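The two complexes that follow have chain A in common; it is paired with chain B in the first and with chain C in the second.
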Partner chain A sequence: MTTSVTPPVAEERAAPGRARARRSDRARQEARLGWWLAGPAFVVMLAVTLYPILQAMYDSLFRYRLTAPEERQFIGLSNYGVVLVDPIFWRDLWVTVLITIITVVIELVLGFALAMVMHRAIRGLRGALRTAILVPYGIITVVSAFAWFYAFDITSGYVNHWFDWVPGISENLNWFASQGTSLFVIIASEVWKTTPFISLLLLAGLAQVPGDMEEAAKVDGATPWQVLWRVILPNMKAAIMVAVLFRALDAFRIFDNVFIMTNGANGTEVLSLLAYRTSIGRLEIGLGSAVSVLLFLCVILICFAAIKLFKVDLTSARGE
Partner chain B sequence: MGRLTGRQKLGWAVIAVLVFVYALFPVLSIFMTSLKSTSDIRSGTFLPPKVSWENYQQILTAEGGARDLFLPALRNSIGISLIATAIAVVLATLAAYGIARLDFRGKKLILTTALGVSIFPVISIVTPLFNLWRNIGLYDTWPGLIIPYLSLTLPISIWTLAAFFRQIPWELEQAAQVDGATPWQAFRKAIVPLAAPGVFTTALIAFFIAWNDFVYGISLTSTSAARPVPAALAFFTGASYFELPVGAISAASIIVTIPVVVLVVLFQRQIVSGLTQGAVKG
Partner chain C sequence: MAAALAAGVSACAAEAGPPTLTWYINPDAGGQARLAQTCTEQANGAYKIETVLLPRDASSQREQLARRLAAKDSSIDLMSLDPPFIPELAEPGFLAPMPDDVAKKTTEGVVQGAIDGASWNGELVTVPFWANTQLLWYRKSVAEAAGLDMSKPVTWQQLIDAAQSQDKLLAVQGQKDESLTVWINALVSSAGGQIITNPEAPAQDIKLGLESEAGRQAAQIIGEIGNSGVGGPGLPTEDEPTSLTIFQGEDGSFMVNWPFVWSSTVTAVEDGSVDKAVLDDFGWTTYPLTAEGGEVTPPYGGINIGVGAFSDHPDLAYQAAECIVTPEHQAEYFVSDGNPAAASQAYEDPKVQEAYPMYDVIRESLDKAVPRPQTPFYNEVTSGLQEKWFPPASVNPDTTPEESTQFITAVLRGERLL
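Then we have the complex of A and B:
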């Protein structure tokens, strides 16, 4: 999108030298104004993220417990050594990756189905469907976590009573007593809460699919399935990639659901929770910072992998 | 679109019911739990055996034991989220106006930074802040949450507003000036009415995000001085230490969900366009 400051075309033809000087003056003025306007936001963003992450990197090089501040001591990369050989770190990383992959896959399919429904919906229904789908988006994650937790919980829940005809589910099944069943509920609540976002992104992608191509394919006798795979999905590639990447990064930071439902018990701890437990729970600032920095590096890694592997141009897909 | 056949109508009805159940069932579920009396919490049924408002009394009325846990948290959440939203929207409006209207080097840098900040793991920021805030006295205060909340609200506001502002036909401003308006009048009469809906939508989305925060809330507060609702819910003890606070938490959850549902119902169209335009070119 170009800006609409009109270039002095006529003058330029008449006196190129003077016009160029004036234009560069103008450009400089514009640049200065631009930075005056955008600068504060830029500075605030750096202050609230760049500064803390640099501080975390610095803190991660120390043996530093808040309970014994006078013992603070520079130990180089030892904290990273401690973290990287600890089986708990690897278990938590694995759980995080597992949750990320499963939620993103389910959300992609479910989100696409919901997007299709919204896209095709008859006029009177469209608004109501969108409103309903937006409700989970607006709800506090903690509230959604409690809703799912109470439904499945052995004392307050009704799920066991409803589904006791399903093999494996009985009245005294404690969903939060083992890893698999806990992760099932955690993932279900995460999927419920965040699918709306992915489905809205996919809906925007669907709107970009050229309708005449779809028509042409149908006229040529393509089955709906073929239209989906050959016409619709290829044309939505950018939207799908962006949706997947954003959800993956978001899911990788999962915290609220796990904290509420199991607080990391029974092998459900995720990386964010490990960082929280280490630094804010146990006041091991040095070690906790190392976990935080590693989590940050993982997020960067996912980003780079996505950009390289799938050639997602985030800025172009986001409207620049 | 032609007239629908009976079968199509039936199909859409089934789909609509499925979508509504999917989207609203968990909300209904916690609402039903909130209506159960303490003795019915263990009933194992979806519907409360008999409707009881005791949980709402517990968190809202003076006789209720959990009022001092809930109401301060509600006040904190509303105040902190509103202030963080206001600051973010003002800063983002200026930035997005500059980005959409002016040509200068560094636009891309600002947008990329916003993108980077929005994918930042909150927990990586919270550890150093926890330590710093304790040292400089911002721990467990409103500013101590408002500042980090900007890392949540500002990036999305910049992206959403930049997308909105790019679609404004800025030539209108010049046209108004040609018609004899002063630059300020031209801006106010031609641009502000076009920009206002975008700014409002952005504020709504930013507010939802701040309202949803949990990690900052539990990490950077310790008392009801600044603890927001999501964090307070996690540490709810209820009226008695010997009772499960299930009912009180459910009732509090419903109360903080009502404004969200109202806003979603009123502004569905704007929220959808805001979310998607900020994210994918519309």
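Then we have the complex of A and C:
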């Protein structure tokens, strides 16, 4: 990018070999400056991210209970063996994946619709509209989880009173007494809370779609549907990928909503809750670390899958 | 220069003051903070007690204390401990050894259940403070209409039948938390059984007593309440306060619950949120029997005072604990916060008798109360029970005791996740 905008100087035209050498000097200096600028952040990242991950990997090789420090014993990969053959782990993984897929799909559709509304809204309304849409995202997750819990709770909730005309809902419906209804409330609260986030990311992507391409498509006789599928969405691929990736990772690490509403009862436990209960509740540091490491590997897997699936090279934006 | 010197002198003066003891308390109506203040004043400058609030539920309190003690946190001088979690903290030496004279003074005239709950391996490791127990609460009008004689111990089956005959709800704690274990333990004990037959054994050798007639009877009652609808649709999410709300409502009939329900309802009547006629209709007696001819074995709860092993002032902390648990202070705390005293003498206090007309039933209950299994692996046992005995409608006398035994045994051996 820098080469295309920098006007070629006389020496470069005269001696291209020397010019390349000078450019690489400059590139090296830029790289060095980059390291100096990013270095402190890099060190901090290593300290707060890499160190705990390595510590968890190390701890996962031990049978180690916090209240029996004397009995700590190296057992290799046995903890992983226990976790990977346990039906509770697979049930929790399945619930986590289910919540992730359903919330991401719903949020993507809803978020895109909201982004379109915000994008097309008349100028005077844009600010108010964006603020209104963002309100749920501004609420602390634990607070929203409690709000949803109390709304649906059979004793204190109002949902059963308001919606008893809907088939299947009655005064006696205990939403948190079975897996299906519990997951419905958990997923609904998650969607309500984080759709604004995804719509904001998609709005940024919409703003980058060149207007003249849309104009050209319309002039060529494309229907609005064709403009959406052939022009707008392909040009937003990077924004969609970022939105899906961020939300998928976020949804996969869901904790607060489940912890507050059911605490994992009725088969609604997710992987992060299992890791928490094993490490913090049971104080089984070794076994809990093994669950955490497996959770971390799942997150890495999601990152790779998203990047491969969308075939987007984010570095291409820098012209490299 | 002079200012710096003055600042230095004042800093030294501050350090030279009485040592500050930190007391980690469970949430209450402010009674423990008041006792801290009272004992600070009575110490005449020997120490000062400051309170730090622990989380609301017992398992979160245990988590925080265990984590801090495992990290050798010297800030824990005193702590309010739920009895089932005491062995787990005593076993690795997280509790400071109790001087003999303190043990003697703080157990004089204390109900036996509270002394048992404060001990581990036959040795007193914490100071009994207050001792809780559940009663059977009933609506006099419903019991009368159903023809139940509440002057004698009644069985769970009688309660189920009576509530059903009057088209009312039986209020029990069916939520997936510690209250479910409290219920299971009381049912198994009343039928003459035990959840763990050798609680002091190491994890691998622990034997459960659920695969027995007592375990089967307990499962039969929970399953019937879950399946018959007599527990109401809210049963799988019902905790102690929710039980009280149901009991106070139009569908209320019988309820097993802690004595706090009395002071709560008195306050609610004063606030105008509950009708006085409801309070007048309250009756109470000892906990129901699992089957005719069984034992009255009410649940035992409460709070004991532990002294942290890493405290800088364990002697002063034990002095402070002695002050906190005097019978006078226990009576005062009972009246103000609704938590029954561990010392029998406290029940002679006229203020206690006036505030809690059922004081005698509480004392009698405490004498018969049976604690939950005392083992360093209690958390595994209770979580395992909650996993397999929940929701109540899924409990089957033919399969649940066996399944839960296998599951908990595998967890204790490190072969299963929980």
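Observations on the structure shown:
Assume the second predicted complex is superposed on the first by the 274 of 320 C-alpha atoms of A that agree within 3 Å, B and C clash if a C-alpha of one lies under 4 Å from a C-alpha of the other, contacts with A are read in each partner's own complex, and residues count from 1 in each chain.
Note that a residue touches a chain if its C-beta (ideal position, glycine included) is under 8 Å from a C-beta of that chain, and two chains touch if they have at least 3 such contacts.
The structure displayed is predicted, hence computed values, not measured ones.
Within the superposed three-chain model, A:Y80 lies out of touch with both chain B and chain C [touch as defined at top]. By the touch criterion defined above, A:L46 lies against chain B but remains apart from chain C after alignment on the C-alpha atoms of chain A. Once the two complexes are laid over each other on the shared chain, residue contacts for A:A239 go to chain B alone; chain C is not touched. In the superposition on chain A, A:G34 makes contact with chain B only, while chain C stays out of contact range. Of the two partner chains placed around the shared chain by superposition, neither chain B nor chain C is touched by A:F310. Once the two complexes are laid over each other on the shared chain, residue contacts for A:I280 go to chain B and to chain C alike. Of the two partner chains placed by superposition, A:F184 touches none, neither chain B nor chain C.
Judged by the document's definition of touching, chain A residues 66, 155, 280 lie at the interface with chain B and also at the interface with chain C. Of all residues in chain A, those touching chain B in their complex are 1-6, 27, 30-31, 33-38, 40-42, 44-46, 48-49, 52-53, 55-56, 59, 66, 114, 117, 121-123, 125, 127-144, 146-148, 150-151, 155-158, 160-162, 171, 189, 192, 196-197, 200-201, 203-205, 207-208, 238-239, 242, 246, 249, 252-253, 255-256, 259-260, 272, 275-276, 279-280, 285, 288-289, 292-293, 295-296, 299, 303, 314-315, 317-320. For chain C in complex with chain A, the touching residues are 59, 63, 66-67, 70, 88-89, 91-92, 94, 176-177, 233-237, 242, 245-246, 376, 379-380, 383, 390-391, 414-418.
In the complex of the two chains, the chain A residues touching chain C come out as 63, 66-70, 82-83, 86, 88-89, 153-155, 172-174, 176-177, 263, 265-266, 274, 277-278, 280-283, 287, 291. Those residues of chain B whose C-beta lies close enough to touch chain A in the complex are 1, 4, 12, 15-16, 19-20, 22-24, 26-27, 29-30, 33, 41-42, 44-46, 91-92, 94-95, 97-117, 119-132, 147-148, 150-151, 154-155, 158-159, 162-163, 166, 170-171, 174, 208, 211-212, 214-215, 218-219, 229-230, 233-234, 244, 246, 249-250, 253, 256-257, 260-261, 263-265, 268-269, 271-272, 275-282.
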